[in-house]
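Next come the structures, one after another.
Next, two complexes with chain A in common: one pairs it with chain B, the other with chain C.
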Partner chain A sequence: MAGLKPGEINLGTTIMAVKFDGGVVVAADSRTSTGAYVANRVTDKLTKVNDRIYCCRSGSAADTQAVADIVSYHMDLYSSQHGERPTVKVAASLFQEICYQNKDNLSASIIVAGWDEQKGGSVFEIPRGGSLHQQEFAVGGSGSTYIYGFCDKTFRPGMNREECIEFVKNAVGLAITRDGHSGGVIRVAVITKDGVDREIVYGNALPPQYTG
Partner chain B sequence: MDPITLEVPHMLRAPAAAANQGANAHTSSQPIITGTSVLAFKYKDGIMMAADTLGAFGSMARFRDENRFMQVGDTLVGAGGDMSDFQYMKHMLEDMQTREYDMDDGQRMGTRSVYKYVSNVMYGRRNRFDPLWNAYVVGGVEGGERFLGYVNLYGTTYEADCVATGFGAHLAIPMLRKRVEGRADEVTEEEAVAVLDDCMRTLLYRDCQAFNRVRRAKVTARGVEVSEPYALQTDWSIADYVVGYGA
Partner chain C sequence: PNSGFKFDNVKRNQLLNDKGFMVPTATKTGTTIVGLLYKDGVVLGADTRATSGTIVADKNCRKIHYMAPNMYCCGAGTAADTDFTTEMISSQLALHSLNTGREARVVTAMTMLKQYLFRYQGHIGAALILGGYDVTGPHLFTIYPHGSTDKLPYVTMGSGSLAAMSVFESQWRPGLSRDEAVEMVKDAIESGIFNDLGSGSNVDVCVITKGDVEYIRGYSQPNQRVAKEQSYRFPAGTTEFIAPKTRTPAEEATAMDVSA
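Then we have the complex of A and B:
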């Protein structure tokens, strides 16, 4: 299993995706670090794979960008050949195939989420190792460890769109505060059959929390 | 390092290509998301098996709704170890079933055949220093006879009345041997469930990586049935008797 090479750019990160009836909400912080230096403080880790499917990237910036580029290509090809958008499951399977077959050389942990005609909203997580896990909500990246408790306590199946947005903003906000490799702004994208609505919560306007 | 290749996943391939595919792809990898014990033993109506629903990430209980069983025709395969490699094995087994179906020769893959297939894949990968980091339990009823086998990442195989993977091999097998080994013809379903739950409870107490959501599965002449996940009862009353540490 590859780790990051010394000096390699790290997408330290907190990433998250939640399913609701009608679509998904994806969110991420915006810090890219090289060791202790913040190489990019306004990164966009929410990467479009097609018009209704996004992936959230954590791990090596290079590895995840390369994988996402390849999957986007294949998604385009699928649409051309089939005349319709591939489902979220197809996208997730493509990610899995690359991550699993190249597990020795990749440091990539990816959440795939989106909306398709068949299933509505879906969330899939592909951790290091290249296994595939469908979930109601998923958190990933170094910052995620600090918010498992918060998420387990707060999440309820069947939350609506606004509740999901609140949920991810609070969760990613907490992780940003505690995790040195997460920071900057909270980028949020809501994906439904009508399209993608993106929003940003600036780092000086995080949801209220106790900070000691 | 070979370039990243992306074949459209899991199309039908010739068996020779399938056998090689994936080999040398990950040299002696390490397990990441792991499943712990799988227990199984022979009882009156066939085979009974149990496993929890956890995919652990090191010491963390990360994925809590995993299904570590796979049904292959009338055979049940239970997996411990790396979950990505198990998912890969599931694809291999599905491809195998598709090839067999397409042959349309009136033959059905029996449990021994499925076991042989899994064993050969595991040993073949081991010989290339590229193991699937798993331990499998394969069980079924073939021609009226119960079959239960184990195979692991080394390709080591054995068949017995009671088998288990992971922690279960250390803690549960002695319990199973005492209570059901050699008595397969007498053990009723009620007794089998009780023994299985006792063993899973012991593992819950003593295995750090165990999780209290368990699936039970049985294979009988009627085929494979996998239960919905359920929680075990636990007894902590002995805690009342322990005060301090003895100083």
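Then we have the complex of A and C:
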């Protein structure tokens, strides 16, 4: 597994995805850093792979952009060849193949989430080694370490759409407060069979938390 | 083409190094470059100092490179890398444009640049700000040496980027007029010129709007040399001589002829 090279743009990050009946909610912070400088304070780390599948990127900005572009291309090709959208599992599998076979040269930790006809909402996590894990919810990036406790305590299977949105906003908000590599705004996207609803939560509208 | 960087000369360079021959430092552009989206298009700006270590190699170099009739690219980092990378993709864009029968799009240039730089894993030290106006409107991108890109309304790169960004963060707002935008770019670059040692000399500006480009070389020149205080000319007769002898270049050539 490779780490970041000196001078490489770091996504830092807090990313998250939660499944609910009818789809998934994905969320991320918006900070990209080079060392101690914030290169982009309004980054969009929620990248479309197809109309109903998004990936959350963390690790190296260059590596994750390159991998997402390649998977996006394969998604288009699959749709053209099969005449239907690929499932989330297929997308996750493609991410896994690239991340695993190139593990020595990549620094990429990705969460793949979306909706498909077969299974409804699904969440898959692909950490740095290139393993694949299907989960009810997933958190990733440097900021995730600060919210495992909160997430494990708060999450319940069978939460509805609104509850999931509140959950991710709270979680990412807490991580941003504690992690220096996470910051900016919280980007949220809700993916269902009807499409994708995107939302931005600005600093002044964060869910309440103790700030001293 | 064979993929990847060629490291053939590494062993040779190591040998030379051990013998005492140091590798000459690549000319870096130090640099402050900026890009800014405004009401009708995009404004690019750059300083004009190129450095080789602590020496100024070029006091008035061009850092805003032509990519296509509707697209220009500022370059920071290793001067040779930015020059050649932009020229190469510019050439590919021209062919692409002829092939498709359409005006080149900024995202096309961005994709070509990022995929090229990613392939070289950061060894090509080109940090670029790409701006242009195509059928889909004005666009501004920033491209890092490792191949990542950001799409933003205002960007700065190079050693003077923090100084320039402080100007943008305090003044930028959406819907600026052309004059406001150009002034802001000038202020940002001057901030880099005066507060960053790697940047200096003049401000170059390039304004790209729908169907029109205005490249202003030397928009601001705040570092002109002052008039010399006195004449340092030696009066005729300062140097004494015994007997004058003149030779013309033609004679010189004959004298130097060493052919058999």
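The rule is short, and it goes like this: the second predicted complex is superposed on the first by the 212 of 212 C-alpha atoms of A that agree within 3 Å, B and C clash if a C-alpha of one lies under 4 Å from a C-alpha of the other, contacts with A are read in each partner's own complex, and residues count from 1 in each chain.
By our rule, a residue touches a chain if its C-beta (ideal position, glycine included) is under 8 Å from a C-beta of that chain, and two chains touch if they have at least 3 such contacts.
Note that the structure is a prediction, hence the values are computed from the model and not measured.
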item	value
Clash or fit, chain B versus chain C on superposed chain A	fit
Which superposed partner A:100 touches (first chain B, second chain C, both, neither)	first
Which partner reaches more residues of chain A (counting touched residues only), chain B or chain C	B
Spatial angle chain C-chain A-chain B, Cα centroids [nearest 10 degrees]	120
Chain B versus chain C as contact partner of A:62, first or second or both or neither	second
Which superposed partner A:130 touches (first chain B, second chain C, both, neither)	first
Which of chain B and chain C A:37 touches, first, second, both or neither	second
Which of chain B and chain C A:7 touches, first, second, both or neither	second
Touching partner for A:210 - first (chain B), second (chain C), both, neither	neither
Least C-alpha distance (whole Å) that remains between chain C and chain B when both complexes are overlaid	7
Touching both chain C and chain B, counted on chain A across the two superposed complexes	66, 105
Complex contact set, residues of chain B against chain A	1, 4-7, 9, 22, 25-27, 29-33, 55, 57, 60, 62-63, 65-66, 82-84, 87-88
For the chain C and chain A complex, residues of the former touching the latter	114-115, 118, 121-122, 144-150, 152, 162
Residues of chain A defined as touching chain B within the complex	1, 66, 70, 74, 93-94, 96-98, 100-105, 125, 127-133, 135, 145
In the complex, chain A residues that touch chain C	5, 7-9, 32, 34, 37, 39-40, 42-43, 60-62, 65-66, 105
